[in-house]
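Two complexes are shown next, each including chain A; its partner changes from chain B in the first to chain C in the second.
On to the complex of A and B.
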C-alpha cells in the first residue's frame, strides 16, 4: 500500500482543484519572474529609481515583510525560551510565514543590488561601519535558522517520515530547537533594529535622523519593538485568512487570545515610546536642523499629517487598546480588525521611514520628490506575495502544520 | 570577512562585527553537526535492531 502524501486524519481539496489554484498563483508569480529577469538583464533603469531616489517600492516591501516576519522570532522566543505551551499550536505556521518573509526579503535584495552574483561582496568585503552590513549578515544567518526550524516540519510529511535518517533528523532537531531559537532571537533583535538604524543615522535627512544610545539611534529600538509587536499579529491575520479559505478551525481561540494579549501590551508600550520619540524629534531635533513639523507634512499631494495619524493612532493605539482588553481579544471581529490595523500600521511606519524620507526636500530651493513605481517594480513587489501564497498552499496541503486541526475539526 | 582579506584590521569594529557573525555561524554549525551525527547513529541503531529481529 502506498503512503499518502497528505498527513493522516485531515481532509484536503481534490488534486485537480489544487493544481488549478497553483496555476492561477503561478501565473502571477511568472509575471514577477519576468520583471525580475528584465531588471537583471537590462539593469535598474527598468525602475523609476535614480541617484536622487535610491530607496523605493521594493525596499519598502523588504522592510515591511521583515517586520511582518517578526512573528517567527517572537513566537520562537515565547515557545522555546519562555516555554509558553500555547504557542506550540501555532509555531509551525509562524515559522513558515517567517521563512516566506525572509526568503522574500533576500530575493528583493538580490533584485535591488542589480548584480546578484556579486552579493557575496557584502560578506567578503564587509564595511563594518555600515548598518546595512549588519542587516545583510543577520538576515542571511537568520534565514538559515528559519530553514532549520522549518526542516523538521518538512520531514513530518508522511512520505519523508518513512526514511529513517530524516525521521531521526527531525526528532533530533526538535530536541535542540531552543538553541536555534535563541540564536534567532539574538539575530532578529539586531537586524530588525539595524533596519531602523539605517534611517536613524542619516544626519543629512532631518525627517529620519534621531539621537540615541551609543551608536544606535532610537529608531533601532523602535523597529525591533514594532516588529515584535506587529509580527505575531501578521501570523494571526494569515492564520485567520487561511481558516476562512479552508473553512476549517486550525488554531484554538486560547492561542489567539494569548498572542493578542502579548501583542497588545507590546503595541501599547511601543506606541508610548513612538509618541515620545516623535514629540522629541518634532520639537527639538528637527527644529535644531532648521525644520518645523509641518515642513514634512505639507507642500505635496501625498504626505500629509494624515500619515502620522494613521500610523500612530489607527495603526498602533487602536489595535493596542482592543488587544489589551479581554472583550476585545475574545471578539473575533475585533481581534481580526486589531490584527489588520497593527499590520497596516507597521507597514505605514516602514513606508514613512523609506519613501517619505527620500521624498522630503532638504534644501530651500528643492521640492518634494514624488515617485511612482514602474510596472517592473510593482511586479517584483507582488512576486514575493505570490511565492508566499504558493508555499503556504503546499505546506498546508502536505505538512502537519496545525497540531490542533484534527481535534478542532472532528467531522473531517 | 577573514583576516587574510586585504582590508581587514585588528580593531574593535572588526572584532565585534565579525566575532558576532562567526559566533552565530559556529552555534548553528555545531547544532546541525550534532543533529546529523546523532541521526546517523540513531538510524544505524534502528537498522541493527531491525536486522536482529529479522534473524
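On to the complex of A and C.
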C-alpha cells in the first residue's frame, strides 16, 4: 500500500478540485510574474514612481508584510521562550505565514531596486550607519531562520517522513527549535525596529523625523512593538479565514483567546506610546522645523486628519479595547473584527510612514505630491499574496499544520 | 571619519546665487545638461520624471497686480554638511552601500554610479529633491553621443544621480596645479558650468572658507539665506535677496515667526 501524501486522520478535498483551485490562483500569480518580467526587462519606468516618490507601493508592501509577519517571531517567543504550550497549536501556521511574508518582502525588494544584479552590494559594501543595511542583514538571516523553522514541518509529510534521514533530521531540529526561536526574536526586534528607523532618522523630512534613544529614533521601538502586537492578529485572521474556507475548526478557542489577550494589551500599551510620540512630534519636533500638525493633514486631496484617526483610534484603540475584555475575545465576530482592524491599523501606519512622507511638501513653494500605483506595481504586489495562498494551500493539504485538527473535527 | 587632506588645506566649496539678478533664463540648466551628460527624453513635460542637476523654480509673492513680484530660484544639490557640520548629510548617512560620500577635502557630496544599486533611500532623505533617478536608460538623439563630455560618466538606468559641483573640473584643476607644482588652485581655475554660463552673473562659486574667494564675503552678506535652514542640513548653497518675501519663501515659519532678514548671519564655519 502506498503512503498517502495527505497526513493521517484528516480529510482534504479531491485532487482535481485542488488542482483547479491552484490553477485559478496560479493565473493571478502569472499576471504578477508577467509584470515582474516587464519591470526587470524594461526598468522602473514601468511604475508610477517619480523623483518625488522614490519610495512607493512596494516599500509600503515590504513594511506591511514584515509587520504582519511579526506573528511568527512573537508566537515563537511566547511558545519557546515564555513556554506557553497553547501557542504550539498555532505556531506551525505562524511560521508558514512568516515564511511567506518574509519571502514576499525579499521578492518585492529584488523587483524594487534599480539594479537588481547589484543587490548583494548591500552586504558587500555595507554602510554600517544606514538603517537599511541593518534591515537587509537581519531580514535575510531571519528568513533563513524561518526556513529552518519551516523545514521540520515539511519533513512531517507522510511520504517524506518515511525517509529515515529526513525523519531524524526533523526530530533533531524540533529538539533545538528554541535556539532558532530565540535567534528569531533577537533578529526580529532589530529589523522590525530598523524599518521604523528607516523613516525616523530622516532629519530632512519633518513628517517622519523623530528623536530617540542614542542612534535609535522612537519609531524604531514603535515599529517593533506594533509588529509584535498586530502580527499575531494577522496570524489569527488568516487562520480564521482558512477555517471558513476549509469549513473545519483548526485551532481551539483557548489559543485565540490567549493570543487575543496578549495582543490586546500589547496594542493598548503601543497605542499609549504612539499617542505620546505623536503628541511630542506635533508639539515640539515638527514646530522646531517650521511645521504645525495640520500642515501635514491639509492642502491635498488624500491625507487628512482622518488618516491619523483611522490609525490610532480605529486601528489601535478599538481592537485593543475589544481584545482586553473577555467578552470581546470570546465573541467570534468581535475577535475577527478586532483582528481585521489591528491588521489594517498597522498597514495604515506603514503607509503613513512611507507614502505620506513622500507626499508632504518641504519647500514652501512646493505642492503636495500625489501618487497612484501602475498596474505593474499592483500586479507585483499581488504576486506574493498569490504565491502565499498557493503555499498555504499546499501546506494545509500535505502537512500536519494544525496539531488540534483531528480532535476538533471528530467526524473525519 | 574625517579624512586629513594631503598636500592641500580642506575646503568648503559652495555657491551664492543672487536671486535679485537671476532672470530665470535657464542657461545654467542648459550648461549643466551639456557639461554633465544629463539625459533627457523626447517628452519632458512631466517634471517629476525629468532628470536635472540644477532646476529653476519660479515663485511669486502671491499679491495681485500691480503688486505682483516674481523670483526665480535655481536649485542645485546643496552639498549638505549635515546636522553638526560633520559630513553626515541626510543622504550620505542613509545610503546602504556607501555609493554617496561626503568629501571632507572639498565639502562635496559624491555619487558613485557603479556602486549605486538604486534603492532610492537617498532620494527619500533629501529635502531639496536634488537627487534624480534614472528611470530609463539614456537615449542620445542624432549624433549627440559623439559630443558628450568625456570627463563625465554617463549613467545607466537604475541609479541615482545629482549635481556634483562639476567635480571633474575640480579634478582637472588639481591635475593642472600638480603639474605646475602648486598645492592650491585659483578661484578662476575651478568654476561650475552653471556659474560660468549665467549671463547675469547671478551664480558665484568658490571656497566659502577662503577670504580671497567672492563667495566668502557674499555668504556672510546680511541678505544671504539658505533653503530650509531649520532642518539643520547645513547646505553650502546660499541665496541673496533684498526682498523679505523671498527670504520667507526659503523656509517654513509658524504663525508669528519671521525670517532673520537683514541681520548679520552667524558664522557657518566648518567644525574642525
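The definition used in the following text is that the second predicted complex is superposed on the first by the 411 of 412 C-alpha atoms of A that agree within 3 Å, B and C clash if a C-alpha of one lies under 4 Å from a C-alpha of the other, contacts with A are read in each partner's own complex, and residues count from 1 in each chain.
Keep this in mind: a contact is a pair of C-beta atoms (placed from the backbone, for glycine too) under 8 Å apart; a residue touches a chain by one contact, two chains touch by 3 or more.
This one's a predicted model, so the numbers in the text were calculated from it and none came from an experiment.
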Chain A as common anchor, with chain B and chain C clashing or fitting: fit
Chain A residues touched - chain C or chain B, whichever exceeds: C
Touched partner set for A:302, first chain B, second chain C, both or neither: neither
Touched partner set for A:144, first chain B, second chain C, both or neither: first
First (chain B), second (chain C), both or neither touched by A:276: neither
Superposed arrangement, angle subtended at the Cα centre of chain A by chain B and chain C, nearest 10 degrees: 90
Which superposed partner A:44 touches (first chain B, second chain C, both, neither): second
Partner chain in contact with A:132 - chain B first, chain C second, else both or neither: second
Chain B and chain C, minimum CA distance [Å, superposed model]: 9
Overlap of the chain B and chain C footprints on chain A, listed as residue numbers: 125-126, 129, 133
List of chain B residues in touch with chain A within their complex: 1, 5, 7, 13-14, 17-18, 20-21, 24-25, 27-28, 31-32, 34-36, 38-40, 42-43, 46-47
Residue ranges of chain A in contact with chain C within the complex: 43-45, 49-55, 112-116, 118-119, 121-122, 125-127, 129-133, 136, 198, 201-206, 287-292, 295, 357-358, 362-366, 369
For the chain C and chain A complex, residues of the former touching the latter: 46, 48-51, 57, 59, 73, 83, 88, 90, 93-99, 115-121, 123-129, 131-137, 157-160, 227-228, 230-233, 248-255, 257
Of chain A, residues touching chain B in the complex: 123-126, 128-129, 133-134, 137, 141, 144-145, 148, 164-165, 168-169, 171-173, 176, 179-180, 183, 186-187, 190
